[in-house]
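Presented sequentially are two complexes of chain A, the first with chain B as partner and the second with chain C.
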Partner chain A sequence: MRFLDLSAISDADKQACEAIARDAGVNLKDCYQCGKCTAGCPLAESMDLVPREVIRYLQLGAVDVVLEAKTPWICAQCVVCSSRCPQNVDICSVMRAVRLASKHAGKRPVPEADIFDDEFIANVRAHGVSNEQYLAAAYNVKSGHFVQDMGNATRMLKRGMVGVAMHNTKGRANVAALVDRALAADSTRRAQADEGKGGEA
Partner chain B sequence: MSRIGVFLCYCGSNIAGTVDVEAVAEMARSLPEVVYVETNKYTCSDPGQEGVKNAIIEKGIDRVVVGACSPRMHEPTWRKLLADTPVNPYMLEVANLREQCSWVHKDREVATAKAIDLVKMAVAKVARLQPLHSIEIPVHKKALVIGGGIAGMQTALDIADAGFQVTIVERETSLGGKMVMLDKTFPTMDCSACICTPKMSEVGNHPNITVKSYSEVENVSGYIGNFEVTIREKAKFIDYNLCTGCGACETKCPAKVTNAFEQGMSQRTAIYKMFPQAVPAKPVIDAEHCLKLTTGKCGVCSKVCPTGAINYEDEDKLTTETYGAVVFATGYKLIDWKPLYPEYGGGKYEDVITGLQFERLVNASGPTEGHVLRPSDRTEPKSVVIIKCVGSRDPNKGKAYCSRACCMYSAKHAHQYLDKVPDGKCYVFYMDVRTPGKGYDEFYMNTLHDGAQYIRGRVSKIYKEGDKLICKGEDTLTSSQVTVSADMVVLETAMVPADGIDELAAKFTVGRDADSWLVEAHAKLRPVETNTAGIYLAGTCQGPKDIPDSVCQAGAAASKVIGLLNKDALQSNPQISRVNETLCQGDGACVNICPYGAISIVEKQFRENSRKVVRPVAQVNPGLCQGCGACTVTCRAGAMDLLGYTNESIMREVDALCQW
Partner chain C sequence: MMKYAYFPGCSANTTGKSFTVSTAYVAEKIGVELVEIPDWNCCGTSAAALTSPELAVALPARSLAIADRELPGLDVVAPCAGCYRSLKTSLAFARESEENRELIKKIINAPYEAKADVLTLLDVLATDEARETIAAKVQRKLRCLKVACYYGCAMVRPADVCECDNVEDPMEMDDLMELIGAEPVDWAFKTECCGAAQQMTIPVQAKPMIERIFQNAVANGADCIVTSCPLCMLNLDMREAEINRARVANGLEPFDIPCYYFTELIGLAFGADPDEVGIDIHFHPAKTLLLQRELDALELEEAENIARAEEARKKAEMAAKIAAKKAEKAAKEKAAKEAAAQAAAQPEEGKEAAE
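And now, the complex of A and B:
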């Protein structure tokens, strides 16, 4: 069980929660905690906080709880929650925004998800398209799960579902530029936000 | 020898489908004193009724048995039919062959046997009935409204506008009730006093309304159309014919008394008006605190009064008048939370206040002139905790019921606080948010967007640390224990019935529930009537309500009263209890059981064994008796009889059933 001193929650923490909500294009006050997001979530049983609780902690300003939560990293971004929310709260976007904020704060509640993210982006950046066999191999090596796909890999190779050939798109330089631009824009924005926060303090 | 006619109905196939009606008719023809039996496909149809009427006249029938649907359905039809014939409308018995026979049985043989029994019983009973005649009860075209809050004022205005005289009895020195204490009303945020005071002056100036302020009901007797009510007007010590309401006396009075209107947050003088817009706009002297009346020294008010209106010799006045109808609009008060909730400080923390105190704190004419300042040090609280359901939904410490208005009331308080203190923080602890009203949920959602932090859970304890009030609770939405350090705490306390309601309701024999709310005649279909004819309910005396619901019920009660007062006389139901004075022991068991207060014990003179003796006997008031029959089964001596359902006629029915 957690203990929260609501009066001790700092303005900075509240602003951090607001920033996440802004990032996701959501007004946290819209959520009235009905639980329909959690009810439909296919991954809720694997999560440490259910989706509703993530929104609730953001409402309370308890940003640390949210940044350390595994839930946003487990979220499959299937958008069931957002599509069914009676108040039009885009919970799915909140999960994405929390994940970015968490990564930016140097936290890795689910390291595998972080590794997979990085490898996926690197893979797409290099080839213009995801080459799943190499992505899987790189992920398995970096995450230490060396043998996890051995059984499947041989069968998939035999049936021709994956191959050793590397696919490279013609416009992969453009894709790489696109990825770089997006990553650069995100870090600039976050750096500015951090400065602004520092300036206020 | 009586001449009984039996009329049996097929009701299409409703009865005839399961009951062999012709077999029942054949049996009926063999019964003693039955001179005519007829069957009909639909007896209640116009030709069916015409046939019954003709048969009665042609065959010289003097008692009628109808075997058809439930008497709840068509007994009034048959009584009306008999009124057009020489037969008395009460020489009638309905055998219920449909709801209690054909509809509940499948076996034709069994159903027919039962129908035969039912008709036998009805014939046996009707042979012993006596003709009954209703009496006319005159109606006094004047209404009494008890309570001058928004419900009472609305009722009085609606009745008076229909052209009837109304008297309002108000216990306090002014009309207005609780509504005039409120600052704003949800969800429109109308200024409460601005919409309430025009009603007050409309009532005060209405030619058909008499306002008796500072008055209470002393005594009641009588019944519907004829309530004789004695009203005690407490001594005001001021001649209202002379007083101009200039207020000079109030500025000079040296006595200082806790101001109840301001919820104890300021002081008033001993000669006082409740608030500036009071109606009547004239002061009274509070005899308990006036120096002249308690010590004999002072008399400043009489010296400064320019019209000589002060009269220290004034006494309570009793007046008795007759009213045709009475409306209870006695309202509510807030539960005394202090002895119940030691965990919230039990009153030892000055900055733990009630919702009504908060209303006065944000009111421009309140003790702080509308600035939100906490009572202890008159500083602006930067953090306020609002706790809902204090005394409500708490059967252990308070009441089991929901007080209905507090969810909106607390949303309004949060909104008002954040409006007046934009940099303040407001936390609302709640179990549920119940907003079933037009525009209510929208108002609540707006309050959330104003920045009120709603925390789902009850506060377990409030304690002091420095000048902060620490509230310990749970956020059940995250299963976290939470604390808030607040500058001020507002408790949204439960509504309970006004003081003295038990005694007042007992005087009028109006029923109360376990929490002393007055009980309506039927929870769904007769919501403004009481079980005592001629007495109606308006507003929160019946249960917790908000203002729109109170006004709505007030209008409904008024329309019932107008309907009653429009009649010149009422036809009484002649099926009432009768006392056999020879058997009556005068022990009063019937008086105790009667739910309508219709029976009293009187001393009466009798000749017994050639001697005059005086002994107590029961007496039934025909205006109050509703013919429920409770007294007839209670009376040990068998002295009580219900006309139309006499002990003898019921025994005859049982006999008929037992003759094989």
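And now, the complex of A and C:
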């Protein structure tokens, strides 16, 4: 843990942390900081805040610290933390909620992770299914990692795993409309939550 | 006849080709009918969950609703672990409340009652009926092949969603491997994460995840890793070469550990040629080990036959010895009896003579 000026934390910060916990479906007070989540996390060594610290900062109301953290974007969503937590805190769900809050706040501490998921959903929206070769190509271009996995792409081509043909679901227009409706429902829910917050204040 | 609605997933015709081919081979042999869900779409996987909770439940629900409508009464089987987890998560959400179902119906713009259950291919093959059929169809036991059964995350976690009662040490695949004669090893990384999409987005940080899986399998005496997820397979099998290059550069011994889908190995036990079940398109050479272990199995069988013959010879020898001893004893007893009879007769004769 780093030095933290608790007097600089506002009520709004605390409310933002509680909102994240609500989205994640957890009670932050359940965590007694044992660190078992962190002991089992296969990516903890690469994180700027270990999973236990993310929960701790949320408990303290330090919302900016977690929204800037790379940790939720490094998390592979493997759910080991949640499954081993002796207090049944769904830490993995917290990582997801923090990452979404961070994204909606216009931040993306690990741009590659954000680009990958955006490209993935764009691919599914356009074709109904994910075309891995085009996803990888689009990812490389947008992330600037132009030659990443190029050798592997050649190996896949040789094995007939990928080709130039684009796969499409028959009802792809249907899927595109579904994606749009889902994202609209998502914005509506968030707008209502913001309004509720405004009402309380 | 066991019949299921089949959700192939996006990797079925691309990076997961071998899984699809071997699944079809095994299903056909044991009489499991897989009916593809018409016009299914991508499950959204973690990308949808990390974009919007609404999207994460709606994408799988569209395919599940089609299955309920077009293939009523059939449960859905999703061989890909990533698809399985997305479908199962969406199903759990839909079954939670009427309100949740209403939300889904509004977004997918179709009726949906969350009737069909979602299963992994392991669930399907681990039923008593399927296991009996598998055992009966085995033509060649994969003896001498030491396998590290690798389940990954998505089939077991979250435990409540996946209805998994043993998240740290699942056994379904181990049991199936035993059924076809292979030797599952006890190892610690059964349900460790392969890194999933993070192998693309943060390759430097995620690579050690794969290396540790290989390390643990080798340390526990495994010849190979057996998996049930196309993304685990791709991350392990395709990236073994780059991990080995780094290891060699650091003066470490490279790994030589092939990966197989559990369906490929079941197919082989049913008598398939490796090419028939997709083993020819693996990245890490995967045929030599199988040939080597087939040879080892033959040699083991030969040694066992010799040992059995030797044992039979010893048994016969012992039986002969016992028979000889018995005959000897019987002869002795006979002789003694005769002598006694003779001795008894002689005094009689004496008495007679005296009279």
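Side notes on the structure shown:
In this text, the second predicted complex is superposed on the first by the 189 of 201 C-alpha atoms of A that agree within 3 Å, B and C clash if a C-alpha of one lies under 4 Å from a C-alpha of the other, contacts with A are read in each partner's own complex, and residues count from 1 in each chain.
Simple rule for what comes next: a residue touches a chain if its C-beta (ideal position, glycine included) is under 8 Å from a C-beta of that chain, and two chains touch if they have at least 3 such contacts.
These numbers come from a predicted model, not from an experiment.
Considering which of chain B and chain C touches more of chain A, the answer is C.
Once chain A of one complex is fitted onto chain A of the other, the partner contacts of A:132 are limited to chain C, with no touch recorded for chain B. Legend: residue contacts after superposition of the two complexes on their common chain; A:6 is shown touching chain B, with no touch to chain C.
Once chain A of one complex is fitted onto chain A of the other, the partner contacts of A:162 are limited to chain C, with no touch recorded for chain B.
In the superposed model, A:22 lies in contact with neither chain B nor chain C. Counting contacts as defined above, no chain A residue meets chain B in one complex and chain C in the other. Those residues of chain A whose C-beta lies close enough to touch chain B in the complex are 1-7, 27, 29, 32-33, 52-53, 56-57, 59-60. Within the complex formed with chain A, the chain C residues making contact are 10-11, 13-15, 17, 39-42, 44-55, 58-59, 62, 103, 106-109, 153, 157-159, 167, 191-193, 195-198, 200-203, 205-206, 208-209, 212, 238-239, 281, 283.
Across the complex, chain A meets chain C through its residues 23, 42-43, 45-46, 74, 76-80, 82-83, 90, 92, 96, 99-100, 110, 112-113, 115-118, 120-121, 124, 128-133, 136, 139, 143, 148-149, 152, 155-156, 159-162, 167, 169-172, 174-175, 177-179, 181-183, 185-186, 189. Those residues of chain B lying in contact with chain A across their complex are 383, 425, 427, 445, 448-449, 451, 453, 455-456, 475, 477-486.
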